[in-house]
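Shared chain: subunit A. Partners: subunit B in the first complex, subunit C in the second.
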Partner chain A sequence: MMAATRRRPLPVSIARRAILIAVLGYLILPMVAMLEFSTRGARGTRNLDAWVAIGSDPNLIDAIVTSLEIAALTVVGMLLLLVPTMTWTLLRVPRMRRVVEFLCLLPLAIPAIVLVVGIAPMYRFLNTFLGGSALTLAFVNVILVLPFAYRAIDGGLRSIDVPTLADAGRSLGAGWLRVMGEVIVPNIRGGILSAAVLAVALVLGEYTIASLLNFDTLQVVIALLGKRNAYVSVAVSLAALIFAFLLVLAIAYLAPGGRSRAPQVEEE
Partner chain B sequence: MGSAATPQVLNGRAGVEVQLLDMHRFYGAVHALDGLSIEIRPGELVALLGPSGCGKTTALRALAGLDDLDGGRILVDGRDITHVPANHRDMGVVFQAYSLFPNMTARDNVAYGLRLRKVEENERRRRADEMLDLVGLAKQAGRYPHQLSGGQQQRVALARALAIQPKVLLLDEPLSALDAKVRRQLREEIRRIQLVVGTTTLFVTHDQEEALAMGDRVGVMSSGRLEQLAPPAELYERPKTRFVAEFVGLTNRVSGHARDGEVDVLGTRLPLLAGSEGTGPVKALIRPESVRVTPDESGSAAVVAVSFLGSVCRVQVELPTGELIGAQLAAADAADLAPAARVSVAFRPIPVFAVSDRG
Partner chain C sequence: MSDLTAPLPAVEPEAGAATSGAGPRRPSRLRTYAALAPFFLYVGAFLMLPTLIVIVGSLQDASGVPTVENLRVAFTEQRFVDAFMRSIWLSLVTALAGAIIGGLLAWAVATGNPDGALRRLVVAASGVLAQFGGVMLAFAFLATFGANGIATIFVEETLGLDVFDRGNWLYGLTGLAVVYTYFQIPLMLIVFLPALDGLRREWWEASASLGGSSWAFWRNVGGPILAPAFLGALLLLFTNAFSAYATAAALVSQGAPIITLQIRAALTSEVILGQANVGKAMAVGMIVIISITMVMYALIQRRASRWIR
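== the complex of A and B ==
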């Protein structure tokens, strides 16, 4: 009986490891292949020419900077739009929660090409005021990231008792802004960070809309580079993937519970 | 528990008078507050008692400024605060749900209200520690809410509410999430602290024992209205309405006949309380402790069941009319009673409430 009990964890452990290795292989093998391809030199040699070229191509640097700026603006816009709206909905009009959720999930159901057709006239109008800057892509990107960001922030809001915490803050003398900034936001930090990472990852990978609206973002430039120099194109793609991976790691570390903190509840 | 801080240090603000005047609140078709009026004296603890949905929490939230009123006024210390936002009312609130800010330590939670009032950091820390000492949690000042038990969290919440020296302390069923033992301990703690600080307090609960044990006066609410507001003993012994008589404490409904301000129950004439049904067949509402049961071979009643509760026993008796009533006796008096034993039943001649026989 005892022996059987002891033996049982072994197959589970093996299965776990097998799954982990399979998943890591699925994720890492393409990256290894990309690294291998981007470091190929003439006659079977290895070099870092493609990686060095990233830093020396002014178009590429501009595209990277532009994409990072768009990502930052998208994150700020998305958080400013979603966090107060979702908190207010939860506190004041909870019956509208489903409606807000539906609206936020809608971009998932609309193909990017349809979105572009619908949004192009808006951009012609916007460009007359904002001078056709690629940063205006942040507007449409905010809409694109809504479904993912909504889920992440909603998870954060569900993990705390927002109405009670807000009431407690107000009864102690905090206005709504302080309640948001000092009570709600710090306690949904995990959800906000997840939403931000998803937004950055999505913006860095977005190609269709940027290309159709003729903006030179990272993905558009990578695609163009791919036609001219496949090695540099793959090196940049790999760099973008590693950047997104590091971001996720950073979030996992910064999010509440990322650094293990065992609760020590004291009995009465 | 830690040592209690001195009243001189804590009692920075004397209790103030609170007047809730003709308050109305509608939630769709539901009339949650239906002309509720209560006056709370300076330094008094009033417990609002009632079944779920009777409007007691709505009344507390209206006083805190967390819910709006559709009609009526709220005066605190003579000042009309009906339209003052919650964050400018100076009310300390302890909620039913755990409400400590999870990202702050116990000390930071207690000091939060002081920070909003721009109290200097050292003073803030001193006062927060003093409050935590008052609730017996000085050693847990650096702990986060998830490192505290439920009872400790509610104590910190009480310290946080008191730290701002509120005009009024509002307690919205703060003990309902706790187990019975902690609940009893904390109930006594809250009452002790309230007497120390002298803050006018409104305590909302659906637990009769809690309300009767803690309140200087207890208000019983039903359907958004105040049925009766009286000291606990008066509320228990001289209910003014049928609802109060039936809701507060255990009550037997025994058939009788009312006439000339008295009711005849099994041959005993009991004085009727004001508001009772005055004539004809009635049901007299009689407390179990007012029922006397004595072993009697020729008695007309029979014991149905006996429950031992420690110092007292509950005895269920079947009357000759077929009605079942409960009696509460000292354990020693119930020693000779067993199921099926013949007994005689009598009632203490104290005033009772009577309701219509058809009700």
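== the complex of A and C ==
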């Protein structure tokens, strides 16, 4: 850390506060505006009608349930795909580590809008088998969460000595499945939890692919609702942002190593 | 579609090459690599295959005959060229603004307590605003600067000024620039904070003990060390704005000023005869531009990692 808190010269201290107040103020302003906007009543009064309406809109409730189901499937799929693969590369095929990492980070370079162009024909095909359920979005959402999940799980694996733990388990007679389930997974649960939380936040916020494949997920319904009742859609938006914030904040406190476990797009 | 599964077998030769010459251990080696098959199959099916469909489709007409017509249309027809240029301009401007404002915020946060509540709150909030905002940010700005937004009403009714034009600017390119900058600031914070953390106090003390002023430190030590990280962050912000779709889609309902909205138009509207795959050609254009940015990023990152661990 650059300057110790106690020894900071006065002009620096003033500049620091001014920046914090101005920039954080600007970032918070739209959130305050959403709260103000969504609690407006007739002639300058305040009420919670828009917030109450969230619970009585069947389309919205359906969409929230659908999005949560997709999120759950995405988390399960992502963990089943990543945890064994990453552990295995670490133990047995270290030369494939870079390849796996590259593929996991690749979705950062292929935007969702590009992915949906190529995946739309595939979904037309898939829908004939799977009946066009919105839950099939989990397939592509697993891809979208790969970069975030990879980093979180990689952080967990780096914080323990996987080969030694695996050898210990194997020498005591455990098979690979047992080593995975009873040794590795419990030891990286912090990383797994972070990955899961980030995946949930990302799925709940996903709009591009769901809307262009015509599935009614939370974001799609919020966007449609905005044309009919702006007050309710602003209320749901704020609620969803707060929910995502609490999820991410929870990782910051729960994950091993505390800080810098927040979502990072940055390389290395 | 079966001819598009090409990237999958590509994994096999590599696995085969690694096992060749291993002699008696060959079967177990094969099994070792086979454990990675589900991952490669999945990524092949849901990431590589769609990308390949985009690239191959951009080189075919509606009936699958090879052609460069889509690419020609996408990169010469005025409305598409304009959309590309506007997207690039929008991404450049918002990346610069976001990098400067977000960089200052990152400095202010980095000089505080590393385990303090302020830092945790700001980092968590930044993660949400930068990466999960999308449609919700469009509504946040409608509630702030829209016709009935809190800022519009305050400025017009309380201050009596007509600067916000009843919120109409919000639905155009200016509005996109403002909203994009809004989510670039928190992304910059997340990306740049680790670089600032990497600046070591000993360097500051070394500079000070040699009689260096604060300015001398930033000019000769801090600045040069952070420059690659700053440039790298700038490129990431550019890519972020260039790929952004959700916020723009929710905000702009008429016309398609930027490239991601042109792709939406190509996907959802009735396509002009003979232009069925122009959307794919535009997607290829996006991949090319982002790839260039990513290569530059990788080159800069190699330099940046020299000092920052």
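Worth pointing out:
By definition in this document, the second predicted complex is superposed on the first by the 218 of 268 C-alpha atoms of A that agree within 3 Å, B and C clash if a C-alpha of one lies under 4 Å from a C-alpha of the other, contacts with A are read in each partner's own complex, and residues count from 1 in each chain.
The criterion applied here is as follows: a contact is a pair of C-beta atoms (placed from the backbone, for glycine too) under 8 Å apart; a residue touches a chain by one contact, two chains touch by 3 or more.
Quantities reported herein were computed from a predicted structural model and do not represent experimental measurements.
Of the two partner chains placed by superposition, only subunit B is touched by A:Arg170; subunit C is not.
By the touch criterion defined above, A:Phe125 lies against subunit C but remains apart from subunit B after alignment on the C-alpha atoms of chain A. In the superposition on chain A, A:Pro186 makes contact with subunit B only, not with subunit C. Legend: residue contacts after superposition of the two complexes on their common chain; A:Thr208 is shown touching subunit C, with no touch to subunit B. When the shared chain is aligned, subunit C comes close enough to touch A:Val116, but subunit B does not. With both complexes superposed, C is the one of subunit B and subunit C in contact with more subunit A residues. In the superposition on chain A, A:Ile160 makes contact with subunit B only, while subunit C stays out of contact range.
Contacts of A:Arg178 after superposition on the shared chain: subunit B is touched, whereas subunit C is not.
When the two complexes are superposed on chain A, the residues of subunit A that touch both subunit B and subunit C are 263-268.
Chain contact summary for the complex, subunit C toward subunit A: residues 1, 18, 32-33, 35-36, 38-40, 42-43, 46-47, 49-54, 57, 101-102, 104-105, 107-115, 118-144, 148-151, 182, 185-187, 190-191, 193-194, 196-197, 199, 201, 204, 214, 232-233, 236, 239-240, 242-243, 245-246, 249-250, 260, 263-264, 267-268, 279-280, 283, 286-287, 290-291, 294, 297-298, 301, 305. By the touch criterion given at the top, residues 1-5, 8-9, 12, 15-17, 19-20, 23-24, 26-27, 29-34, 36-38, 81-82, 84-85, 88-89, 92-93, 95-96, 100, 103, 106-122, 125, 139-140, 142-143, 146, 148, 201-202, 204-208, 211-212, 219, 222-223, 226, 230, 233-234, 237-238, 240-241, 244-245, 248-249, 251-253, 258-260, 262-268 of subunit A touch subunit C in their complex.
Subunit A contributes residues 160-161, 164-165, 167-175, 178, 183, 186-187, 189, 263-268 to its touches with subunit B in the complex.
Interface residues of subunit B, counted against subunit A in their complex, comprise 64-66, 85-93, 95, 97-103, 112-113, 116-117, 140, 143, 146-149, 151-152, 157, 160-161, 164, 170, 181-182, 185.
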